[in-house]
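The following blocks contain the structures, represented as structure tokens.
Two complexes come next, and they have one chain in common, chain A, joined by chain B in the first and chain C in the second.
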Partner chain A sequence: MDILRIENLNKNFDGVDVLHDVSFTVQQGERLLIIGPNGAGKTTLFNIIGGQLPATSGRIFFREQEITQKPAYQRAHLGIVRSFQILSLLPNLTVLENALLTFFGCSRSRFELFKDWHSNKEVVDKAGEALKMADLWEMRYEPVKLLSYGDQRRLEVVMSILLDPKLLLLDEPTNGLTSEESTSIVRLIHKLGKGVTVLVVAHDMDFVFEVAERINVLYYGGLLASGSPDEIRNNPKVKEIYMGNGGS
Partner chain B sequence: MEARSPVLEVNDIHTYYGESHILHGVSLRISEGQVVALLGRNGMGKTTTIKSIIGFTPPRRGAIVYKGQDITRLSPNRIANRGIGLIPQGRRIFPSLSVMENLTVAARNSTKTGSYDLESIYKIFPILKDRANLKGTLLSGGEQQMLAIGRALMTNPELLLMDEPSEGLAPILVREIGEIIKALKENGISIILVEQNLHLACNTSDFTYVINKGVITCQLTPDELMCNEEVKTKYLGVSQ
Partner chain C sequence: MSTIAERPKLRTLVSSRLVPILIIGLFLIVIPVFLPADVQGIMTKFLIYAIFAISYDLIFGYTGLVSLGHAAFFGAGGYVVAVLSLHFGISSFWIGIPLAIIVSALVAVVFGFISLRVSGTYFLLLTFALAQLLYSIAWNIPWLNSEGMQGIANISLPSLGIPGYTWTNAKYYFLVLLVAGICYYLLERITRSPFGHALVGIREGEARMTALGYNTWGFKYRAYVFAAPFAGIAGALFAYHSRFISPSQFGLGTSFYPMVMAIIGGAGSLFGAVVGAALVVFLEYFTSLVTPERWPLILGIIFVISIMYLRSGLGVSLIRFWQKVRHSIGYPQN
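Let's look at the complex of A and B:
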């Protein structure tokens, strides 16, 4: 079953065509990677799916329901969750507080924010479970600003997961990470069940081929190619415009 | 590479964030026209070293000497004025300024041949010319990275601090960054390169320092580092 269907999507910024006539579908539970040269429109595509930007034209369907005009918060409630390329954490709060805040953001408990966050055992347990999965539990009382960049990136992925996504959009989640830290992000994604569909924008080819079931290649705002990791790896045009001579 | 006169000497610096002691006596040295890579896992003090040099987090102890003069206590703008450029991690593009304004806002003229101006930056990154009048926030991540590099070059630095310049760039552009670093070096610019992409760092640098928990643990040539599996695994987080 398609969980997401994009039809003839166009986006124009001040006369610059950033996306033109992009159409594709994503299957329930699929791991779809989106690659392409810088400026190809990958983050813009994510912004339009997430509702952070309106499309100039075209339509978006999530579980057969049209969401083209829905604002970002309504899409979030439907289960479309995204992380950002530039970290978007609250630096003065602790790791645990950041995690809890995310959880409250999408639950009915959000109006109980004036209560002590740590007293809600169910929520703390759930956050704790996710933090342990990402090896962040030991530093749960550290203010986020004291965490290394790699740990902050992992925390952001954990926060996305805590929002209980149906469709998770990760924008360059391994930027600035060591290969070991990237592997831990791969493990986090693998641990998500098939109940979560994952779309990822990434440039790290080791990571891409580790996670992808299918890869879409964007080029100058259009969909240049779509196929299995092997098909994309051996596509001469993709090699030429993206990977350079012979892969990563 | 045999060292010529040192452009920068970092002598036993100790830097703190509040009460947190981050750098425990870091020393390094870079000669004119040299590319030195500063490598290590995340959270080990690479960016703090860069911030200490440029004056954002001055060290409490130790000294930073640039072209023979102590700059340890100078403000960042004075340090930049003396010819140290910064490409910060996370790009830090001025969001309300256009691409062209971002490039020109901190420009520092140079009479040297091979100096950088708007035209030469546009020649290196033609996409920035196409986007000249767009706001910085409308650029893609990779384009912002190019803008951050261009902005630093417009200050015509003699020493350039590059904090993860390849982050967020497509493989083909990472190669281009490698070429740009080599071209800058040929142009006489000294570079301290902080980078997670080990291949890029080793292909472009003359020498590498490995930092772990605020202490320089190894000083190796790129060839020695590439052959040293223990250092790569233990201190650089390279997966086996």
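Let's look at the complex of A and C:
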């Protein structure tokens, strides 16, 4: 079953075609990687799927339901969770506050007016689990801006995973991480069950080939190729424009 | 042995927040009894402005919405009890306050819907414009003015429905103290709730909050509407207190007050807003004894000093100082 279907997606920024006529589907449980050189439109594509940007034209279906016009928060409630390329945690709030806000986002208790937020055991436990998994429990009362880049990234990815997404959108999850930290993220993705579909934008080729079941190559706003990692590795066009002429 | 046994006692005394509560209690409950009536009146004014300031702080300090129209709700509450008194002869506290709550909330339902269409400076300008609209309505409609003057005079004191009850400054002070305590408690609960923390999250990063599943517009709108009745209550209490209301209760100066109080005391802290209200009201009073015409100058200087040297606000600095004191006698910092 398709979990996500994108039909003829176009995005135009002030006359510049950032995406043109992009169509593809993502199968339930698939790990689809999106690669492409800088400026290919990868993050724009993610922003449109996540609802951060409107599409100029085209349609998006999530589990056969059209979501093209839905605001980002409604997509989050459908189970579309995304992490951002640039760090997007709330820097002035503590690690614990960030975690609690994350897990209250899709909980019905987020509207509770007069209850102390620490009294919601379910959310507090989930936040605690995330912080322990990300090895940040000891730092929970520190403002996020005091964490290292890698710690912030890991925290964000761990929390995205623990949100029980149906569709997880990871934008450059290993950007700026040490190889050890990248490995721990790969391990987290492998641990996810087939109930979670993962769509990743990435640059780091080791990471891409370790995680991908299928790869879409974006080039100047269009879909250049789509196929298994081996097919992409051996695709001459991809070799030429993406990996350079000297590619093996 | 005895020193070891005594130290924890001293520590428990300090740690249990007993000292700050005693100081604040002494200041609010015991001392006013011994003050002259006019100073009791100033204490009342302080509490009314404290309610107004904490109401404003919910949308300003917590949610990060800079509004210059909070007087709309303060004025609405005041005009409700004034009109009840002038046209209907109703002075019941139990009708006036609930009606002030309802009317100011309704004003916020409409004004919030309009002004939250935009953000930043445009939001500030729209809230200002909408409050000015009420100002000119109050100015121009004869029904909203006593005959032959601007505003409504001789507003009757609230009746509590107790036969033979007469008001004194002290009694009114304690009524306002009770109401202020309830308002503070409710807002404190809101700021500790998931809803209140979501407001802070929106202040810090709206895009992330949306991606996490928060309908941020809805949260801002609710915050705006929830804050308004508190300002309405303050306005009604103020009208009873001064027994006179004029269109300027909707004016820019009135809107400016809670903002200054929140900034001086510490935006994003209810206690800070109360400290700010105390500072402004008492300084205004002492200035008026000496050199009333210089008050705007003095307020301006305090404002500049607090922005330059006490960025986080006097109230917040007091809390931090207290935590340091606790820490220095062996209590873990939290």
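One rule holds in what follows: the second predicted complex is superposed on the first by the 234 of 248 C-alpha atoms of A that agree within 3 Å, B and C clash if a C-alpha of one lies under 4 Å from a C-alpha of the other, contacts with A are read in each partner's own complex, and residues count from 1 in each chain.
To be clear about the criterion, a residue touches a chain if its C-beta (ideal position, glycine included) is under 8 Å from a C-beta of that chain, and two chains touch if they have at least 3 such contacts.
No experiment lies behind these values; they were computed from the predicted model shown.
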{"item": "Which of chain B and chain C A:146 touches, first, second, both or neither", "value": "first"}
{"item": "Partner chain(s) touched by A:178 [first = chain B, second = chain C, both, neither]", "value": "first"}
{"item": "Where chain A meets both chain C and chain B, residue numbers", "value": "none"}
{"item": "Chain A to chain B touching residues, read off their complex", "value": "13-14, 16, 35-44, 85-87, 146-151, 172, 175-183, 203, 205, 241-244, 247-248"}
{"item": "Chain A-facing residues of chain C, complex", "value": "186, 189-190, 192-198, 200-201, 204-205, 207-216, 226, 334"}
{"item": "Of chain A, residues touching chain C in the complex", "value": "50-52, 71-74, 76-77, 81-82, 84, 88-93, 97, 100-102, 104-107, 109-117, 120, 123, 141"}
{"item": "Residue numbers on chain B that touch chain A, as the complex places them", "value": "17, 20, 41-44, 47, 89-91, 127, 131, 134, 138-143, 145-146, 164, 167-175, 196, 236-239"}
